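Structures given as structure tokens follow.
Two complexes, one shared chain (chain A), two partners (chain B, chain C).
Up next is the complex of A and B:
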């Protein structure tokens, strides 16, 4: 039997390869570089790697030119395992930007008085002499940077995956490092470890469903390639039961990652327990990757079976928005509240996802659903990241203060921080002149033009409920008197400050001039197969 | 040879795994049930590979095995940390985060 070596397009895949190389180098740095110098080496290595990958991604993007006479809307790379088209490259750039901000949050040292927010020594038990020694010596785990790079490489592969196997491997590569990162908080380590356990257990359970769905769809179509699956769906040859079962089980795996109902149980616990920089990175970047993958899987592979999956997603979108918004009302912890709000946002994103319709039905100038969802996830990602960054600077002697009641009067003590947080919350609520408004308008318009009226009505109602709990935080911060033992704002280094500044600026700019980004997405939001 | 019995066996194994995850308390047993689900998927992949007459499913089974091995490393690390801290591997005891 003759073996032909596969052809790999190294130039097209360079963003993923650079990030993976940096991750592997990071592991070597842990082994070879003395402890005192690791932090500087790791941080600069990660930053340089991400910037290089970003440049590489932009170079690949410039090779896709849909305006030329002969449209080349994308490339299939690595023996058709990865599809590099407009949506993929947009997700890549966005994920890399979020990862860049994430590294800055991970590297913040001033808030904890000279060490990062991660456990000094994860193997030292909480509350023991070993832990006290580790923190007295100022130990810190610099392994978090390579772990994050591995997660980023998985996130880059996830929206590009063009077959089920690549999708599964990417899912695991992005998840496994995140499980570990969740358990590495310096303070409140029991909560952090519990969050890691819950995230891992439920994540492994959902990936079990994902693999079985994988097998069923393979049994149906006889191939794992998305275009072959699409062909099998349109010819309707295989067993319907295998297709429906497989589609449902694949959806379980992906909806778990985006935190949609009924698979949201992990979201509040993990967002609350994980170290805040990890929460910020995870909340923003995982959603981008997971929605990129969800769009490609269901539009490209299962686009022909739209009438089978759309009713299921109607129900899921409605349930997600209702559960997220209603449960957020009763929350007393800021991180937990933001977690439930992220569930509600997943519901709004699913509303945009329901805008799926055949390409001939989309009039020129109409919003297409991919464009709407990617725009929304951009605004949400940048806003959320800054919001969690602000949560990490409100502290007292025992670390971050996340009880909402203790934030009373923060607006009087630190108007700048409280004002930024209020602006970001208004952005999430979707007040006009913020990016959230444009995002919501885009996803609702996309769903409405596909006839998903009931979902849009629920979505509008739920945005009103969501606005209530966002405004509740603002009222607590600005219109109630400070309580005696309230937290104060620790002035962070330039790293966290710049994350907050970028988030606030993006929330404002994308709200006032959303046109350029929407146009860019309109031109590029076309899947290839 | 008919491949249907193998698919039925894999469905039974998968169900045992899924029910086990939902009902067992010990984190290690829950984890073993997850592995059972993955292995049931492997059986289904290989069976469909034979039914379809191509090798994609068999190759996928190798990938699933490798991923499962990586998952074991991460999972056992997390479970062991929890056990050392709390002297218990029961998933019911990890209940500080709720509502």
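Up next is the complex of A and C:
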């Protein structure tokens, strides 16, 4: 047997490779650089790495001429394991931008009085002498930066994966560092560790389904490659039961990641327990990567079996929106409320995902579903990031204040912060002149033109319910009298402030002039096989 | 007896020669006052010292450019006088695209001169009139805003652009009527003007929408080129909607009631906005849309009827008012009624409508400013019963006002004679009854204007105790003199029927109308009727003593006229009261049904939510079980759906 070395397109894959290299370097930094200097080195390394990867991604993107009328469709790289087409490259850029904002949040030190939001010594048991010593010495875990870089590399691979195995590997690469990061909160460590453990166990459980789905589909198609699977589906050979079972289990694995019903149980606990910077990054970037992967898997590999999976997704989309919106109503904790809101958003994204139809059915000028979903996830990601960043600055002596009732009177305490948060909430509610409105319009239009009317009707009703609880927060902030001392806003460093500013600006700009981005997506949102 | 030949001829299409040379300055005409308004309104107190000078300079600058443009236009061939300046694409949605284009043709050229010219004079006059007002800068800012909006209205080459200007002048009018907002009456008048204008604005926006539906575009060029292919129903609908718009802005029946109250604004505002320019926007709209109205006789008939009703109503109201500005306002209504009537006569009348609009702009601005000058001397008293014998105290005001008086009466050779005569003649050629209305209106006009003159300038002194009338400063009298000259010689525009020929490429040619009798006989008849009106006024007002307090025991007609012919009472009974009742009902409905439903739903959902959140019990084993159950359901559902 002769072994041929695979041909690797280093130039095309440079964004992933740069991020991975930075991650590995970060591990070496932990070993070689003195503790006092690690923070500076790690932060600058991560920032430089992400910016470099962003530049590289933009260079790769420019090779498919996204601004021309007929862009190139893309490239298959690494022996067809990765597909670098319009959607992938867009996800890359978006994930890297979110990662850049994430690094800024991770690196914030002013809020905790000179240390990051991460545990001083994760191995010290909560409430012990060792923990007290660690915090007295001002220790902090700078490993969070390489961990995040590993997660980012997985996220970059996830939407690009063009076969089931790569998809699985990417899933694990992005998940494992996140499990760890969730458990590293400096305050309320038990809650944080519990969240990490839950996330890990449930994530492992769902990965089991995913791998089993892999196996079943392989049994059906005789290949892991998406285009071979698509060919098998269209030729109708093989056992239908294998295909359906495999599809269902793969869906379970992916829907778990996006937090869709009925696989959302982990979301509120984890979002609440994880350190807020991690929640922000995870909520935004994971959603992007997972929806990129979901779109590719079901549109490219299982596109021919659309009539088999669509009814199931109809029901899941409806259930997700209903559960997210209705359960958010009775939440009393801001982070949990945002978690349920992100569940509802996953439902709206799935609504857009239901716009799937054959290319010939899409009239010129119509929104195509990939375009709609990617636009929505962009608006959602940037808005959510900024919203969690604001959560991290509302504090009292014991750390972040997340009970909703204690946000009463924030509008008087800090009109700027409360005003920004109110604007972001209006964005999430989908009020016109914010990006949320355009995003919702895009996904609803996409689903409606594919005939998913019932889902769209539910989606509109649920948007109304969602608006109710978003506005409720605004009412609390501006029209309620503070209880006791009331909340206070700690002025963050320029890092957190710039994240908030970017999020608010994006929410506004994408609401007022969505045209350029929608056009770009319209031209490039085509998958290759 | 509508000219049949004119009907067979298609209305002229709006041309679009590109701008070059001097015409590329066109945008500057709007930009100067717009910039002035921006500097004054945004600049705050820093501009208090020189703001009024800047505003006046901006309008005079626009006037100078308008003159240059006008003479450049006369230098062109008559077929080449419709110039379009493309500024930018305003918005595009699907196949519908609105460009921000300016159209400079014979019609807009005339308007440009009127607005910037009279506007300049009134700005100069206001420097004196508003000298002691603490908010003078703001006043000039609003005036500039008005001029800019009015110029947008008449220069826009698209109905959407017209709408922008239309709303802009509405806003400026609102701000200026209510300028003395500390007076409740002024605030109420501003609100009334705004609300009633809104009704008209609905006409314009619906009309624009119907134009878009019918023609797929709202630009004058496209609509005028395609109007003869549109169905007559659509044209009539558009015509009636545009007429509604015109009624609102030009205070025509049944939307006339705001104009009298609008006199609460400072007098220069009444002169500029509520006499010379803005209120004539409705006439402009009808004449500009000649390519619609020429093809729909039904809509034109409606225009004529509205014009007739208003010209008589305004004249009658003018007879009974003791407030000098309200008497003039009634007269404005009536004169605009003449213009609307002329515009309704179709191609035969368009040019005369515009002509009367011009001359009226001169003599009515003249008289309003004269009234302002009188008020200035009489401690801002507007009641004519406290005037009397002012001709000696204010000789210049009296002389200029007198010229305006002769002009509005239609005494040859003053401006009004040429324009009003033409309208009455054309009206008689069209329909005897319409002509009769116009003729009677002329007689009543003579009556109320003579009454006004007698009460103000002649007779005994009836001044209040501490009033010492004096002539106004030069900054106020010079504009009066300029306007008086224009009132006297404005009729020259019609020499060799210049105005008709000039406007013909825009509004269409028309043959000579056939009048049963020679034109000179017609003129004589009109003069006799006017003289009769003067004589009655002298008999009833001039020869008797004028009581200081308006007599209570008067005929039912006088009482009706004093109450603005019950316009407000009508509105109150027919619109306001049922409206209030309906709104009360809706409020109850909203509170009980809508709010009740929403709150009930919210309570129910919260209860459900509270129940279901218990499922989120925090045990990872339950979560895993839920996950497993979910996965099972998903997979079995897939299998069941496909094998079931």
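Here is the rule we use: the second predicted complex is superposed on the first by the 523 of 529 C-alpha atoms of A that agree within 3 Å, B and C clash if a C-alpha of one lies under 4 Å from a C-alpha of the other, contacts with A are read in each partner's own complex, and residues count from 1 in each chain.
Rule of thumb we're sticking to: a residue touches a chain if its C-beta (ideal position, glycine included) is under 8 Å from a C-beta of that chain, and two chains touch if they have at least 3 such contacts.
Every value quoted in this text rests on a predicted model; they were computed, and no experiment measured them.
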item	value
Partner chain(s) touched by A:196 [first = chain B, second = chain C, both, neither]	first
Chain B versus chain C as contact partner of A:262, first or second or both or neither	second
First (chain B), second (chain C), both or neither touched by A:109	neither
Partner chain in contact with A:523 - chain B first, chain C second, else both or neither	neither
Chain B versus chain C as contact partner of A:412, first or second or both or neither	neither
Chain B versus chain C as contact partner of A:205, first or second or both or neither	both
Partner chain in contact with A:168 - chain B first, chain C second, else both or neither	first
First (chain B), second (chain C), both or neither touched by A:312	second
Partner chain(s) touched by A:251 [first = chain B, second = chain C, both, neither]	second
Chain B and chain C contact sites that coincide on chain A, given as residue numbers	197-198, 201, 205, 209, 268-269, 330
Touching residues on chain B, where the partner in the complex is chain A	7, 10, 14, 17-18, 21, 27, 30-31, 34, 37-38, 40-41, 44-45, 47-49, 51-54, 56-57, 59-60, 63-64, 67, 70-71, 74-75, 77-79, 81-82, 84-86, 91, 94-99
Of all residues in chain A, those that touch chain B in their complex	122-123, 125-126, 164-165, 168-169, 172, 176, 179-180, 183, 189-191, 193-198, 200-201, 204-205, 207-209, 211-212, 214-216, 218-219, 222-224, 268-269, 272-273, 330
Residues of chain A defined as touching chain C within the complex	197-198, 201-202, 205-206, 209, 240-241, 244-245, 247-249, 251-252, 256, 261-263, 265-266, 268-269, 308-309, 311-312, 315-316, 323, 326-331, 465, 468
Residues of chain C that touch chain A when the two form their complex	602, 605-606, 608-610, 612-613, 616, 618, 620, 622-624, 626-631, 633-635, 637-639, 641-643
